[in-house]
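In the two complexes that follow, chain A is the common piece, with chain B as its partner first and chain C second.
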Partner chain A sequence: MDLTDDEMTKNTLLKEIGKCRACRFCVDVCPAYQATEWVESMAPYGRLQIIKYLLNGTLDEDDPLVYSLYTCLQCGRCDLLCKAKGQDLEVSNLIRMGKCLLSQGLVKGKKNEKV
Partner chain B sequence: MKRSKRFVSELLSNLRDNIQRTGDPLGIKSVYWTRWAKGLNLPREGETVLLTARMYQMLPYIMQVTKLISSAKPLLSRGGFGAMVNMGNRLMGDKIIRLRALGAQSLRSKSKSALRGIVSALAAVDQRPAYLYEDEPYSGVLLYDLGLDEYIESHISKVYGVLKSHNVRKVIGVDPHTTFMLKEVYPRYIDNYDIEVKHYLEILSEGGEALKKSCKKGPEKEFVIHDSCYMTRSLGIIDQLRMVTESLGITLLEPENTKSDTACCGGPIEYAFRDLTEKVSRTRIQELSSICKNVVVVCPICLINLSKYEQEMGINVCDMGELLLGALQVSPGNGLDRPI
Partner chain C sequence: MDVNIPKLAKDLAKIVGKDHVFTDKPTSVVYAKDTMPWDVEEKNIPYAVVRPSNSQEVSKLLKYANEKLIPVHIHGSGTSLVGLARPKTKGIVLDTARMKEIKVYPERGYFEAGPGLHLVQVKKELAKYNAMLPLFPGSELVATVGGTVAVNTSAHGVDAALGKPGDFVLGFEVVLPTGEIIHTGTESTRRAAGIDPTKFFIGSEGLLGVLTLIRMRLLPMPYFEHLVAYYKRTEDILDTVMEMYRQGIHPPLFYEFLDERAAKIGFEAVGLKEPVGAVSMMRIHSWSKVGSEERAQNFLKFLEVGNPIEARIVKDIDEWNQIWSSRAEAGNYMYRLGMTFGSEISPRVDKLKDAFREAQSLILNLDSYKGNEFISFGHIGAPTIHAYAFIRTKDISNEVKKAITLEMREKTEELNIKYGGCGGEWGLTAQRVSFLKKKYEKEVYEVLVKLKKTLDPNDILNRGNLQGWI
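Let's look at the complex of A and B:
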């Protein structure tokens, strides 16, 4: 069975997020997390969990989840920590890929528009 | 956070429409990005081009657009009003933004000086790249950052087509975001991508003693450095910046979060979430200003986000290009071939 690009992206995302060992070292260094006074859904680990639950259908996209994902600064500081702790996930790119899937549903004039 | 979904939807749709309609993220049709080069007589054709990708020139407009978005946020978050604002943007947005941006003299001057400083420094190391003037494209970095990947490919093809039509073989980037796009993202979309991409600091640092010899000896000055996220972590340009500042006779001070561990200025989300950006940038500028009142940055996004604290905190935030212009003692109003 041929997979569409979206399905391949979803599979890649779920596989990569599954490698996260939940060490949470990425959390403390996130500037958005620091600025929102320690709300974990505003940190890289929290964002990865949101993407995972959106993809497996546990959560539906709503205002707080969209806010959480689109406030990622893409600064890549989490990547550095993940590498330093031996896991080397491209955390910020995984969040960007999650945004990519979400943006398809948010941008107007698309057949899958959800707004 | 309230109505974020609809708000983000409006912004994404507007950005996509602007780029498809005009090639510009702000949807501005008139050529606003060439004024800095007036009187320089840069060659219009050449194998090597300086690609500003309009980033520095956009600063006064970005400032006005983020203010407008912030004040229109409650309207944008509502369905019918969002469509009206969008329509208004198409009809009048261009003019309103341009008129309001006229007031941002300080940013306009900084961006002009930064670009002229970069060109004069490149000339000092015997590099005289061409400039595409009106034909200069925007890189599409905002489409990439916001995950609008399905619209990136066509934009990248257009930009690559423009570069190839001018027989460009090498690009010198002036900002980290554009350099990252052309160096790391474009090759994923273009088969046999054959354009060499370098940041101007890489070229200056390879220039040996030439830059140092061209610099006029001035009073020794200390600056604290704010490294850019993309520059350090994505492009690995760290030592080159320090080598160049050393050539200028500047003493560089390192803050707590520096080099590859630098802290973000908050800029990448300013288009939509000004409150959060404000918190992030304030934290960073406090960290920097506690070390030194003179701050140097190497990215236009960092420049706009950190320089807004200049008056409030009594600090001086400069772009690296401005320092180059000062060290080479070239008037920002004159041609670069006429040092004063």
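Let's look at the complex of A and C:
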């Protein structure tokens, strides 16, 4: 059976984020993490975990604060850290993909008051 | 336990302000996750994450938790490799991230730091005073000073070269589990003799109180020299370490190694030519330039006992940084290629080779997984054996990951008992309680439980870690 684009994106995200070791080396370089006074759900590591647990059903698109995905500025600093010291993930791109999936879900009628 | 979350959020907001209380599930999941290889389960996900800014707020929070009988789990940066950072039961996560103040008093010979500072931030601040932070976790980018002292981890540092983090702690401000704020130790550079409660909290793993201020002696920045040695076999490195202690040679500050497999992976990851066999790398320190150079020359000569293919002093700091990265980030580089399941064995040093061989055999004959490889790297000069089961896939179920972790823990505990060690880096409670019970007389564990009960009668702080809950 052919997979839809969304299903392929979901599979890619789960596979790639599954490589994250939760080392958190990426958090300090994130401007949003700094601006929020170091809240981990507002850091690259946290956003990856939120996408993973959204996709595996632990979190719901209606859960408040999934909007932390939208705090990513796409500056790419986390990518450099992950490449040098972590798992060499394209962190910011994964967050962008996760954000797109979430947005599509919300457009299709799932609500999230905070968003 | 039935907890009304909106009510809890309101109560906690009165203590720390509403901007610093999170009861949303995404944030709770993020704080529950740590480096343990299996996914977070519902029981690990806290009701709330709270971020106090000072000891008064911590005090109010703990008094509230005692009144409501809600467990509180302390969170530094969540980098523990053995599950210290994962809440074992529903409760409140107390994040220390906002307690980041640092004051350096060169005229008093110490500095004071909030627990939530990342080590790299402390290092930067101390460098302005030409002082060295004697804390050496590989996770220094993000590991907190509170967490490092609370575990009293040696990490890269060789204990016999400089000591452990706790040896530099002069005193604490601590909030007891029942909310009282106490101060311990001294403002002199002369540490207390006799019974000093400071010692109870060094390495207490968050079971006995929340460290809200850490006072540490300023240590002048030493001069460093670096060495690298290439060997045909790991066993040559083990022989060298054993001989170093036998001859009574002062060990290098860092004495690390990569076994044959780890060296290939680590060197390739940092763009270095693949070595023939195993590699060891050393950092030598002294408080005079001449002294560090002399020590390095002497150690280079000593290294001949292990018949290295090549051993040399590395003067080019960029080259050293590249070589060091191959080791410092080895854990992450291995993980890129699959899954790693680690262990920590610190044998009596004259038994290092026997313990290493047994660890290798044990890991190649696991019951919970077949077909894994053995890989080892780490602080061999300490001596610590990090024996890893290395599996070149991530496609392993949570159940199997758990089974491998538990089997390795149980079997390497036996090696620590057989060869007289107890670790020295990863901590002794969370998930290693079975080891404590096997290694020592039953009274030892009972003493710890009594100490915990005395200070924390409602078992509020880090519940489950002293019980050995997974």
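We take it that the second predicted complex is superposed on the first by the 102 of 115 C-alpha atoms of A that agree within 3 Å, B and C clash if a C-alpha of one lies under 4 Å from a C-alpha of the other, contacts with A are read in each partner's own complex, and residues count from 1 in each chain.
Please note the rule applied: a residue touches a chain if its C-beta (ideal position, glycine included) is under 8 Å from a C-beta of that chain, and two chains touch if they have at least 3 such contacts.
Nothing here was measured: the structure is a model prediction, and the numbers come from that model.
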Exercise. State whether chain B and chain C clash or fit side by side on chain A once the two structures are superposed.
Key: fit
Exercise. Considering only touches as defined above, state whether A:27 meets chain B (first), chain C (second), both or neither.
Key: second
Practice problem: Identify the partner contact of A:107: answer first if only chain B is touched, second if only chain C is, both if each is, neither if none is. | Solution: first
Practice problem: Considering only touches as defined above, state whether A:87 meets chain B (first), chain C (second), both or neither. | Solution: second
Quiz item: Given the touch rule stated above, what does A:66 touch, chain B (first), chain C (second), both, or neither?
Solution: both
Quiz item: First (chain B), second (chain C), both or neither: which does A:96 touch?
Solution: first
Practice problem: State whether A:41 touches chain B only (first), chain C only (second), both chains, or neither. | Solution: second
Quiz item: In the superposed arrangement, which partner chain does A:76 touch: chain B (first), chain C (second), both, or neither?
Solution: first
Quiz item: With chain A's C-alpha centre as vertex, what's the angle to chain B and chain C, nearest 10 degrees?
Solution: 120
Quiz item: By how many Å are the closest C-alpha atoms of chain B and chain C apart after the superposition?
Solution: 10
Quiz item: In the superposed view, which residues of chain A touch chain B and also chain C?
Solution: 63-64, 66
Self-check item: Contact set on chain A toward chain B in their complex
Solution: 31-32, 34-36, 61-64, 66-67, 70-77, 79-80, 96-104, 106-109, 115
Quiz item: If you look only at chain C, which of its residues touch chain A in the complex?
Solution: 20, 22, 24-27, 29-31, 33-35, 39-40, 51, 77-79, 95, 97-98, 100, 116, 118, 120, 139, 141-142, 325, 329, 332, 335-336, 394
Quiz item: If you look only at chain B, which of its residues touch chain A in the complex?
Solution: 1-6, 8-10, 12-13, 16, 144-150, 229-230, 233-234, 260-261, 263-264, 266, 268-269, 272-273, 276, 279-280, 283-284
Exercise. Within their complex, state which residues of chain A touch chain C.
Key: 18-19, 21-25, 27-28, 37-41, 45-46, 49-50, 53, 56, 58-60, 63-66, 68, 81, 84-88
